[in-house]
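Shared between the two complexes below is chain A, which pairs with chain B and chain C, respectively.
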Partner chain A sequence: MLRYLARKLFIYLLTFIVAVTIDWAIPRFMPGNPVDALVSRIAMMPDANAALTSYFMAAFNLDQPLWQQYFNFWKALFNGDLGRSIMLFPTPVTTLIGRALPYTLGLLLPSILLSWYVGNMVGALAARRKILDNTVLPLGYLLTATPYMWLGILLAWLLGSVLGWFPLAFGYDQALKAEWTWRFFGSLVFHWVLPFASLFLVALGGWAIGMRNMIIYELESDYANYLQALGAPARLVRKYAFRNAMLPQITGLALQLGAVVGGALATEIVFSYPGLGWLVLSGIQNQDYFVIQGVFLFIIVGVLLANLIVDIVYVVVDPRTRVGLQGDAA
Partner chain B sequence: MTSTDSAAPAAAGKTHGNEFLYFASRNTKLVIGTVVFVLFLLAAIFGPMLAAYQPMTFDAPPGLPPSAEHWFGTTLFGQDVFSQFVHGLRSSFIVGALGGITAAAIGMFVGFFAGYRGGLVDEVLNMLTNVVLVIPTFAVLLVVAAYLSVRGLGTEALFIGLTSWPWAARAIRAQTFSLTSRDFVDMARLNGEGTFRIIFGQIAPNMSSYLVMTFILLFGGAILTAAMLDFIGLGPTDGISLGLMMNYSVMNAALQLGMWWWFVPPGLAITGIVGSLYVMNVGLDEVFNPKLRAL
Partner chain C sequence: MLAVSDLRIHYRTLSGSVKALDGVSFSVADGEIMGLAGESGCGKSTLGKALIRLEERMQYVGGEVSLDGAALPIADDRAMVPHRFRKISIVPQYAMSALNPTRRIGRMIDELLDSRGIRGATLRPELERRLAILGLAPDVLGMYPIELSGGMKQRVVMVLSTLLDPSLLIADEVTSALDVASQKKVAGALVEFRDRGFVKSMIVVTHDLAILAQIADSILIMYAGKLAEKAPTRTIIEAPAHPYTRLLLGSLPEVGIRFEERRLPGIKGRPPSLLAPPQGCRFRDRCPLAFDKCAVEPPFVEIAPGHQVACWKADAHAEG
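Right, the complex of A and B next:
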C-alpha cells in the first residue's frame, strides 16, 4: 500500500515540477517576447510603474543567468507570491484567485460528485435492460458529445431568457450586498442552479455510458456466470458486478478532472459567474498574464490534490492495493 | 443472437474486406454515425462555395432571423451566420484531423515502444505518459495560447495534439504488451527482423481496428477541446470557428436578445459531429469484435 501511494506521490511531485517549469518557461521562450510587451504596458501606467518594476526585478531578473531566474521563481512561489494583477493593480493575484475560488469550487465539487454518483446508478440500471438501455445510451452519447458551454448557453436561453425562471448572469443579485443573510444566500443558490445543471448534465452522460459498458463486461465474466449457474438471484449477481465495475470508474474520476475543470471555466463564462473561468477570461482580454499563470498553477495544484484523494479512496475500496498486489494498472 | 448468427455463414466464404462491409452495412449505429458525419463533412467542404456572403464582412442588416436571403439569419453586426457556420465547420474538421493525427502519432510511438521494448524504455515512457495524463491539459493550453499573440488553426491543432495523447499511449501500450508475447512476434524476432519492422509489420496490423477507433476518439476530443479554447477567447486570431461564433454571440448579448440562430447552429454542429464519431466508434467496435455483435 505504501509503495503504491509512494509511486503515485512521486508522479504528482514530478508533475508539479513540470507544471511549474512550464509556467516559468512559457513567458520566457515564447516567440514575440511577451515580457517586452508587459514592460511596455506598465510604462503606460505611471503609478504602477515603480511597484511593478520591482516585482519584475524579483520575478524575471532578466540580466541574471537562467538557472538563477528559475530558482527565484520557485522562491517566490513558496512565499505565495504569484505577482500582481495588471488590470486591477495593485491587487495581488492570490487575492483575486481567493475571491474567485469559492464560486468555482461550489460549482465543481457538487457537479462532479453528483454526476458521478447519479451517472453510475443510471448506467448500472440501464445495462442489459433493453428499453432503458435504448434510451439511456443515445442520450448519454448526446450529452458527452455536447460542449459544456453550449448546454450552458441553451439552458440560459430556454430557462433564463425565454421562460425567465432563472437569472442569466452573475453569481448573485447585483443589487444585494455580499453578506451572510438569507436573502443573499437564496440569491446565491438561485444563480448557481443553471451553471451547475449544465456541468452536471454533460458529465452525467459519460459516467452512465462508462458504467453501463463495465457492467455488461462484468456480467460476462466467469464469476458472474458461475454465480448464475449456482442459481444466485440476478440482483445478487448485479451487485457483485457493480462493485467490480466501480473500480475503473473511480480511476476514471481522477482522469476526467482536468476536462471537467476546463468545462467549468467555459460554463462560468457563459453565465458571467465570478469564478476562475471569468477571471481567466478578463485576464485574457486585458492581457493580464500573471492572473492567467496564477490560475494555471491553482488548477494544477487542485487537480493533483484531487488525484491524491482519489488514490487514497482507491486504496480503501480495492483491498488488492493494500496487500501489495497491483490492483490498478498504473 | 438471432440475425447475426444466421448471417455469419453466408459471409464466411467471402474475403475479409467484404465481410467487414457486410457487417458494417448492417450495423445501424455505424451507418447512422457515418451518415451524420459525412453530412457535416460535405457541408464543411462545399458549404463555403454555396455561401453567398463572406463570413466576416458586415454587409447585411444586423440581427435578422433566418430567411430565404440569409439562411441562418445575421449577427448583431450584420454578418451572415450561415457563411460563418460553414467556414467554422471547416476549421473544426481541420483542427480535429490535425490534432487527432498528431495525438495518434505520439500515442502510437510511445505506446508501441513502451509496450514492445519494456524495461527501462517502458519505465521512462510510462512516467512521461503518467505526468502528461495527470496535468490538466486544458490549463496548459490556456497558458500557452494566452502567450501566443498570433494563433492559427495549425498551432491550435498542434498544441491540442501534443497534450491529448496519453490515454491513447496507455491503451496502445497495454495492447502491445499482450501481442508481444504471441508466437508470431517471436517468429519475426527469430527471423532477425528489427524493432521497427516488427512493430509496424506484425503488431500494428493486428490491432489496426483498435488504432482506428483510438484515432476516431482523438479526432472528436480535439474538436471539443478546440471549441472550448475558442470559446474562452483563445481561438485562431485569423478566422472564424464554431467556438468563436459561440463566444461572439454570448459576449454580445445574443442570449438576452433571443437571437437563437446565432448560437444554436455552432453548438449543434459540434454535438452532431462529436456524437456521430462516438456512435460510429461503438458501431465499429461491434463490427470488429464478434463477441459484441449479439448485444
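Right, the complex of A and C next:
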C-alpha cells in the first residue's frame, strides 16, 4: 500500500513538474510582450517609452535570460508568490485568483458532483425500465454531445433573453455592493443558475449513458446469472451490479475533471462570470503572463489533486486493485 | 427423483427458432449420477440450464418436469424461485467467474442466504466443514475471489451450490476448464457430495466421456436436440447400441496405442442445423449403418433393463 502510494505520488510529482513547465512556457510563446502593452497604455511621450519599458522589463525580471526566468519562477512558486498582475498592476496574482476562485468552485463543485450523482441514478433506473430507457438514452446522447458553450448560449437566449427569468451575465447585480446581505446573496444565486445549469446538463447526459450501459453489462455478467440461478432476488443482484458498475464511473469522474474545467472556462466566458475562466481570458487578452500562469497552475494542482483522491478512493472500493498492489510488493 | 417428459426448448433467433431441445424424456433416480454427453450444440447445456432457470432467449415450448413427485414450473421464472438452491441447484460452466469480484466470499454467501430467508450464521459451521472436505481453509471466506486460484473458486462454488442439500444438482461442464489433476479432484468431490448425501442426484453435463466413465452411474448421450442413448455407464462403454455412441467412443484415444501410427477416426460430417432439422433420424447423414427405414424417426425405446436407444438397428447390434 505504502509502496503503491509512493509510486503514485512520484508519478504525480513528475506530472506536476512537466505541467508547470509547460504552463510557464505557453504565455512566453505568445507573440508580443506584456510590457509594451502596459507602456503604451500609460505612456504619453514617445521618448519616455524606452525608459519605461526597460524599467518594467527589469521590474518583472523579463530582461533576464529565459532559463533564469524559469528558475525564478520555480523559486517564487515555492514561496507562494505568483507574481504581480500586469493588467491590474500592482495587484498580486494570488489576490486576483483568490477573488475569482469562489465563483469557479461554486460553479464546478455542485455541477460535477450533482451531475455525477443524478446521472448515475437516472442511468441505473433507465437500465431496468424500458420507457425510461427509450427517453433517457437519446436525450443523454444529445446532452453529452452538446458543447458547453453552445448550451450556455442557448440557455441564456431562452431563459435569459426570451423569458427573462434569469440575468444574462456577471456574478451578481452590478448595481449592488459586494457585502453579506440577503439581497446580495439572492443576486448571487440568481446569477449562478444559468452557468450552473449548462455545466450540469452537459455532464449529466454522459454519466447517465455510462451508468446505464455498465449496469446492463453487469446484470448479464456471470456472477449475476449465478445468483439468479440460486434464486437470489432482483434486489440483491441489482445491488451488486450497481456497486460494480460504479467503479468505472469513479474512474470516469477523475478523467472528466480536466474536461469539466475546460467547460467551466467556456461557460464563464459566455456568462461573463467572474471566475477563473473569465480571469484567464482577460489575462490572455492583455498578455498578462503572470495571471495566465497563476490560473493554469491552480487548474493543474486542482486536477492532479482530484485524480490523486480518486486513486486512493479506488483502492478502498475495489479489492482487485488491492490484490494488484500486494502482487507488486511481493 | 427427476422425471422429464417430452421437454421442448427453443432459442429465439433472428432467423427463426433453434430447436435445441426437441422432445426429451428421461429420468434420474435418487442417488444416481447421470452423465449427459454429446458434441457441442447437441442441447446438453440447454437441458441443464432449462431445469433451473430459462435464459431470456430460451423459450419453453412444451413438456413436463417433476422433481420428487412435485411438478417443477420451469416455464414460470417467479414460481421457480422457491425451488432454486433449495431443491435444485447448479454448478455453472463459468464457476471461475461466478462469484461477485468485489465482495468477500463469506459476506457474499451470507447476503445470498439472507436474501433467501436463511441466517448465514447458523450455516457457518456446516459451510466451513464442507469447505474443509474439499481441502479449503475457512480463511477463504474472508478473501476476495481474485485471491483464489481457478480450482479453488470452483470448489467454493460447489460447496455454495450444494449448501442447502438440494435434491438435484446440475454440474455444467465443471471439469472443462481445469487441468487434469484438478479435474480428478473435482470429479471425486462430486461423488463424495453424493455419497455424503449433500445432494440426492446429479446431472453431470460434459463432453468428456473419460470423466463420466469414472464417476457416472449412467450416461445419457444426446445428438442434435434429441436423446440417442441412455444406459448404465458400463453398458455405454462396453456395449453401446447407438452407432453415434460407438463412433463417439471410437474417437477417444486409448492408452497404449501410438497415434502416430493410427489416426483417431473421428466422426465425418457435421450435426444438422437445428433451425430446420431433417425428418427421420437426425444422425442419418453421418451414420455408417443408415438404411431406408431411417427416414422415419426412431423412437427412444428400452432394449434392455435401464438401456434405452433411439435407433432402428439397435436391437441387432445389442445382440451381435
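One rule holds in what follows: the second predicted complex is superposed on the first by the 269 of 330 C-alpha atoms of A that agree within 3 Å, B and C clash if a C-alpha of one lies under 4 Å from a C-alpha of the other, contacts with A are read in each partner's own complex, and residues count from 1 in each chain.
By definition in this document, a residue touches a chain if its C-beta (ideal position, glycine included) is under 8 Å from a C-beta of that chain, and two chains touch if they have at least 3 such contacts.
Source: prediction; values computed, not measured.
*Asks:* Which holds for A:Q174: it touches chain B only (first), chain C only (second), both, or neither?
*Replies:* The answer is neither, since A:Q174 touches no partner chain.
*Asks:* Return first, second, both or neither, reflecting whether A:M149 touches chain B, chain C, both chains, or no partner chain.
*Replies:* first
*Asks:* Which of the two partners, first being chain B and second being chain C, lies in contact with A:G160: first, second, both, or neither?
*Replies:* First partner only, chain B.
*Asks:* Of the two partner chains, chain B (first) and chain C (second), which one does A:P27 touch, if any: first, second, both, or neither?
*Replies:* first
*Asks:* Any idea whether chain B or chain C touches more of chain A?
*Replies:* B
*Asks:* Mind working out whether A:L236 is in touch with chain B, chain C, both or neither, as first, second, both or neither?
*Replies:* second
*Asks:* According to the stated criteria, A:N225 is in contact with first (chain B), second (chain C), both, or neither; which is it?
*Replies:* Second partner only.
*Asks:* Following superposition on chain A, which residues of chain A contact chain B and also contact chain C?
*Replies:* In chain A, nothing is touched by chain B and also by chain C.
*Asks:* Quick check on the complex: what are the chain C residues that touch chain A?
*Replies:* Against chain A, the touching part of chain C is residues 52-53, 80-86, 89-90, 92, 94, 97-104, 111-112, 115-116, 144, 146-147, 157, 160-161.
*Asks:* Considering the complex alone, what residue numbers of chain A touch chain C?
*Replies:* Touch list, chain A to chain C: 221-223, 225-233, 235-236, 240, 243-244, 247, 317-320, 323.
*Asks:* Enumerate the contact residues on chain B facing chain A in the complex.
*Replies:* Interface residues on chain B, with respect to chain A: 127, 130-131, 133-140, 142-144, 146-150, 167, 170, 174, 220, 224-225, 227-228, 231-234, 243, 246, 249-250, 255-256, 258, 260, 263-264, 266-268, 270-275, 277-279, 282, 295.
*Asks:* What residues on chain A touch chain B, complex-wise?
*Replies:* 11-12, 14-15, 18-19, 22-23, 26-27, 30-32, 34, 37, 138, 141-142, 144-151, 153-154, 156-157, 160-162, 168, 216, 255, 257-259, 261-263, 265-266, 269-270, 277, 280-281, 283-285, 289, 292-293, 295-296, 299-300, 303-304, 307, 329-330
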